[in-house]
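Pasting the structures here.
Heads up, the next two complexes both have chain A, just with different partners, chain B and then chain C.
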Partner chain A sequence: MLKNYLKTAWVVFMRRKFFTFVNLFGITFTLAILMIASAMLDHIFGGTPPEVNQRRTLGIYRVSMCEDSEEGRDMGISAMASAYMLEQCMEDLPGVENTSIIGMFWQVLSFIDNRKVTSYLRNVDANFWEIMQFEFIEGRPFTHDEYDNGANVAVINEATRDKFFGNTECVGNSFEANGKSYRVVGVVENVPILRFTPFADIWVPHTTDPGYNQNNELVGLYIGLMLAESRDAFPMIKEEFISRVNNLDISAYHPNNKIISVPETFLDNIARLIFSFGLSTGNFTKQLYIAAFILMILFMVLPTLNMVNLNMSRIMERSSEIGVRKAFGAPSATLVGQFLVENIVLTSAGGLLALLIAYVVLAVISSTGVIPYAQFTLNIRIFLTAVGIAFVFGTFSGVYPAWRMSRMNPVDALRGGAA
Partner chain B sequence: MNMITLENVDKVYRTDKIETLALSNVNLTVEEGEFVAVMGPSGCGKSTLLNLVGLLDKPSKGAVRMMDRDINGNSDRKMAKLRNENIGFIFQSFHLVNDLSVIDNVEIPLLYRKMSGKERRNRCKEALEKVDLLSRMHHRPSQLSGGQQQRVAIARAIVGEPRLLLADEPTGNLDSQMGFEIMDILNGLNKNANTTIVMVTHDQRLADDTERVIRLFDGRRIN
Partner chain C sequence: MIRHLLRLVWNRKRFNFLLMLEIFVSFIVLFSVGVLAEIFVTRVKKPLGIHYDNVYTLGFDFRDLESEWNETKYNQIMEIFDEIERLSSVEAVAINCPVTFGMAVSSRNLTYNDNSVSSQYSRFSDDAREVFGIEMIQGEWFSEEHDALDWTPIVINRMLAEELFGDEDPIGKPVLEDGSMRVVGVIEDFRSSGEYGQIKRFYLLRQSTTHYSSYAIYNLVIRTHPNPPEDFQENVMDIVHTVMPDMAINIDPLEKLKARNRQFALVPLTITIVIAAFLMIMVALGMIGVFWQSITRRREEIGLRRALGSTKKTLYQNLLMEIFLIVNLGSALAAIILVQLPVIGVLSFLSWKTMFVALGFSFVLIYLLSFMSGMYPVWLATRIQPAEALHYE
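And now, the complex of A and B:
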């Protein structure tokens, strides 16, 4: 029966080529946009190298201080944490296998043959290389000894190696950034700028920065990373961390101040920032997913309505066939199934085309370098998302016309189709 | 056995403003194996009667029985099953699906039965052989003449071996030569396969070829 449905679908689509083209164009355009967006989000939030431990890593991305009063909670400071605060609260946490403190990346200047070159430099500790799993093209990460001794060593990415040394091995060579000389100990593959936590061109030890952790301020420009023994330990880690945060001495700030900082994934952090401006310790990721889903549905509403409309006229055009099938014993549910199959075939074709278009567009974006080092790819997650979206699209745009069709009286259907 | 029985059947079509009485107090019995013609002027309710007999529509009043079983109150799914297993239709304008080949058109009634693809194909070929169109099975309906298209429609109507065949002016769109050919096929089915046939026609010569003529006028049976 399915073969018959597919055969009919093919003939119907080919009979009205322009009609099919319009239909297919709408589907393809919508799905391609959604796939490109999915690929970008996957690129930002997915657990790809070097963040292979992402599933059991919690980060301290934000510290908020707010003033609790009778009128409610007023926003005070929402910033990144200081190294001091992170050290105070992350030390020897139960359920944590490893911790790291990393600085925010910042621009540094170098001169190569009197040419000004800018790079992004990030201060990190030695543990950073254990939590993140970078692909080393040559050399190694800096060691705990080098870190403790404040050695002026650096790990650079492939693009920086090419800028400073050409496409040759460079471990042991030195370069200058902001007037300071660093010896290269390792070269890693480029990490895209959208990977907020590991991204940089140059990674150097905190201990090369004389100002590192020199005061007891609570806010600063640092991110704390905690590699949990397992995800099961997350609640315990969060509870202990929040309790330590609550015990911090904040008397230097306003007496009514309350300090909020939560160990969370990067996605959780974005969700908490959007839905509570960082003022709550709750988890808002579910709300973020719901909002993203609603946005996706809204984006799909117009093309879906368009397709419903086109499908209705397609059905009216085929009322004679529907009448014949009903007369010869097709139950309504079977006809609904047939029409949905046809619609899903069309949307799947649109989905495949969209996948191809998304692949090309992402490759173009990646190659132009608009987003530094971005290498957008379509992986199995994106493919399955695309299949899911195409299926939902096909079903939604087919259900109403199919339902209308199934309610059609066979006599009326035959009359409508009579020449 | 009575193949179909109509008892005091009325059929009223209603719109927002008017009510049209298409059939009024019609009683009819067609026995198994009969070949019956239904005649009357245009608009007298012939097609409405055929739709009720074919279980495509429900009466506004009265009862319809098929093989001595009351089918009033049957669900749409049950009615579809009854049609699929017992009734074949031949329409004046053929109602072939132009997007499908001849054999795919003939296959339609079998798609809604539990049957393997191979068996379906064999049954379709047998049906096409009966109407002498096996050689055209991969053609599209639009590539055939009117008479050939009606023979395809007959093959589709008989492929499920129905006990009741309903033909709504099956020769209405054909020239007289083709019309007689179609009648020969219908007579053969009636005599050889004992298929009960109810045929609506305007043509007295074709009606004379059947066993009994039912006449309608203004929605009423007049004989």
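And now, the complex of A and C:
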């Protein structure tokens, strides 16, 4: 049966090549855009190396100070946490295997033969290398001993090695950044700039920075990472962390202030920022998914309409075929089913083409280096998303024409169809 | 004539309704692109009022500005200021915080005669005029004589002048209720986010270089000779590190900051235009298919019309008119709905000018689009031989 449908579909597609081409063009273009968008989002939020423990990791990305009044909640300060605050609240949390405090990346300058080189430097602690699993090309991460002794050591990425030392082994050699000298202990693969938590060109210990953790301010420029024993421990960790945050002494800021900081994934953090400006401790990731879904539907409105119109035309053209089948007793459901199969075959073909186009476009974007170190790739997650979207697309654009077709009066259909 | 066409369209209402809906959505897509394009073109045409070629910015990355700023730091930075000024390749040095074209902004509320607006601002020292080549359109620039005043002079941009003072002459007027800040000059629509940035209310606040103040200095701007020596940036870094060994700094040509702003502005615009263009190509191809099909199906009718004496020309016109009728219905409906938007408060940032330019843009493009996709199928229809078509029946 299905084989017959497919055969008919093939004949129909080949008979009106122009229609088939226009249909394919629309489907392919629409799906390619959606695939490129999802590949980029996956690149930012998905758990690829070095964030292999992402599913078990919670981060403290933001500290908000706000003021509760009768009219509601007013935003005061929205910033990152200080090392002092993170140490106070992350110490010995139940259900947590490992914690790390990492700085925000910032620009540093170096000069090589009068040529200015700008790199991003990030201060981290030794636990950072345990929570993140970097691919070391040579050398090793800096150790707890080196960290405690405040040794001027650094781990650099491949691109930075090439800039400073050429494409040669460099462990043990030194380089200068912002007038300070660091000895290289390890070289890692480049981490894309869109991966906000691990990204940097150069990673050095906090202990090389004389200003680290010198005062009792609550806001600063640091991110806290907590590796949980399992995801089941997340609610417990969040609860305990938030209660510790509530006990912090914030009288120095404003007596009515409330301080809000939540352990969350990077995606949760972005969702919370968008939907509550960081003023609530709730989880808003579901809303973010819904918003993304609505955007996707909006984008697909025009392509779907276009396809419905083309399908209507195609059906009109086949009215004599439909008339004959109806006259010989084919039930409406069969005809609807056949048309839907045809349509889904077409969208799937478009989906495959789109996958190919998305692959090429992403490779081109990656190779231009517009976004430093970005390596956009397609993976099974994106492939499955694409298959899902193509299926929904095919069904939506096929249902209305198929329904109209099934309601066609056989007599009219045989005569050439009523408009 | 129109009534006759309307009846023809009405007879195929289900089919034409879908087509109209497609035109409706296409019109909205084109309108959005038109709005974006109009806004950008208007911005780019407005003069900036400053010159930034051969200007470098030198930023100091204080870890915590408020707690670290003190008289020692002030003296160190002024020492760096003087040292840089002595470099042979340097024409002028000035204070500018936060830096023009940078990411950071400061803003505050200004009041004049119960009229209150919020405005962005940045601090500039007296030499900034030399560094940026600032062109005054009214009043005067800051000078050392202003040190003796018990209020702070400011220079405002055209937009702020118009919105705060209306038709009044702003020179000498206070902008705070206590009179501690007064206008001394007006410049063009200066905007700190570059030519492509949104035009915003802005004022330049005078920063004195003769004595310490609690306002931290964390950015200098330097104008060099046209071709500074290769090691210019390194020299500047050395000067800074001699005076402040642990200070993290940024040196960049302002051109680079501006290019980054331009990229931020242009990338979303480009993506929108590319996607909209693809959507329109898709719609055009789709319409060709649909019109073609509907002409094929109307062979008998067209044959009959030809047999009854309709010329090729009138037939051509009639069929195109039918298409335009559907297109007009779809786009007029969209236009009517879109015009309501600023009235009911959605998208209230749209000026009437933007609105009408964008509507015009969409109408022209949608006509062009439907004409181009209708032309070929309609031409095919006029080639139908009456005898053949009637025979088919």
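Observations, loosely collected:
Convention: the second predicted complex is superposed on the first by the 416 of 419 C-alpha atoms of A that agree within 3 Å, B and C clash if a C-alpha of one lies under 4 Å from a C-alpha of the other, contacts with A are read in each partner's own complex, and residues count from 1 in each chain.
In this text, a contact is a pair of C-beta atoms (placed from the backbone, for glycine too) under 8 Å apart; a residue touches a chain by one contact, two chains touch by 3 or more.
Given the structure is predicted, the values throughout are model-derived calculations rather than measurements.
Taken together through their common chain A, the two structures put chain B and chain C side by side without a clash. Contacts of A:411 after superposition: chain B is touched, whereas chain C is not reached.
In the superposition on chain A, A:111 makes contact with chain C only, not with chain B. After overlaying the two complexes on the shared chain, residue contacts for A:67 are found with neither chain B nor chain C. In the superposition on chain A, A:301 makes contact with chain C only, not with chain B. Shared-chain residue A:15: touches chain B; no touch with chain C. Of the two partner chains placed by the overlay, only chain B lies in contact with A:332; chain C stays clear of it. In the superposition on chain A, contact of A:97 is made with neither chain B nor chain C. Between chain B and chain C, the partner in contact with more residues of chain A is C. Contact with chain C, but none with chain B, is seen for A:309 once the two complexes are overlaid on the shared chain. Closest approach of chain B to chain C, taken over C-alpha atoms in the A-based superposition, is 12 Å. Common to the chain B-facing and chain C-facing surfaces of chain A are residues 417, 419.
Those residues of chain B that touch chain A in the shared complex are 51, 54, 56-57, 76-77, 80-81, 83-85, 88-89, 91, 93, 95-97, 99-100, 104, 107-109, 111-113, 117, 156, 160.
Note for the complex: chain C touches chain A at residues 11-12, 14-15, 18-19, 21-22, 25-26, 29, 61, 63-64, 67, 230-231, 233-234, 237, 241, 245-246, 248-251, 275, 278-279, 281-283, 285-290, 292-294, 296-297.
For chain A in complex with chain B, the residues that touch the partner chain are 1, 3-4, 7-8, 11-12, 15, 320-321, 323-334, 409-411, 414, 417-419.
Here chain A touches chain C in the complex through residues 18-19, 21-22, 25-26, 29, 33, 106-109, 111, 114, 116, 178-180, 210-211, 215, 217, 220-221, 301-303, 305-310, 312-314, 316-317, 404, 416-417, 419, going by the rule given at the top.
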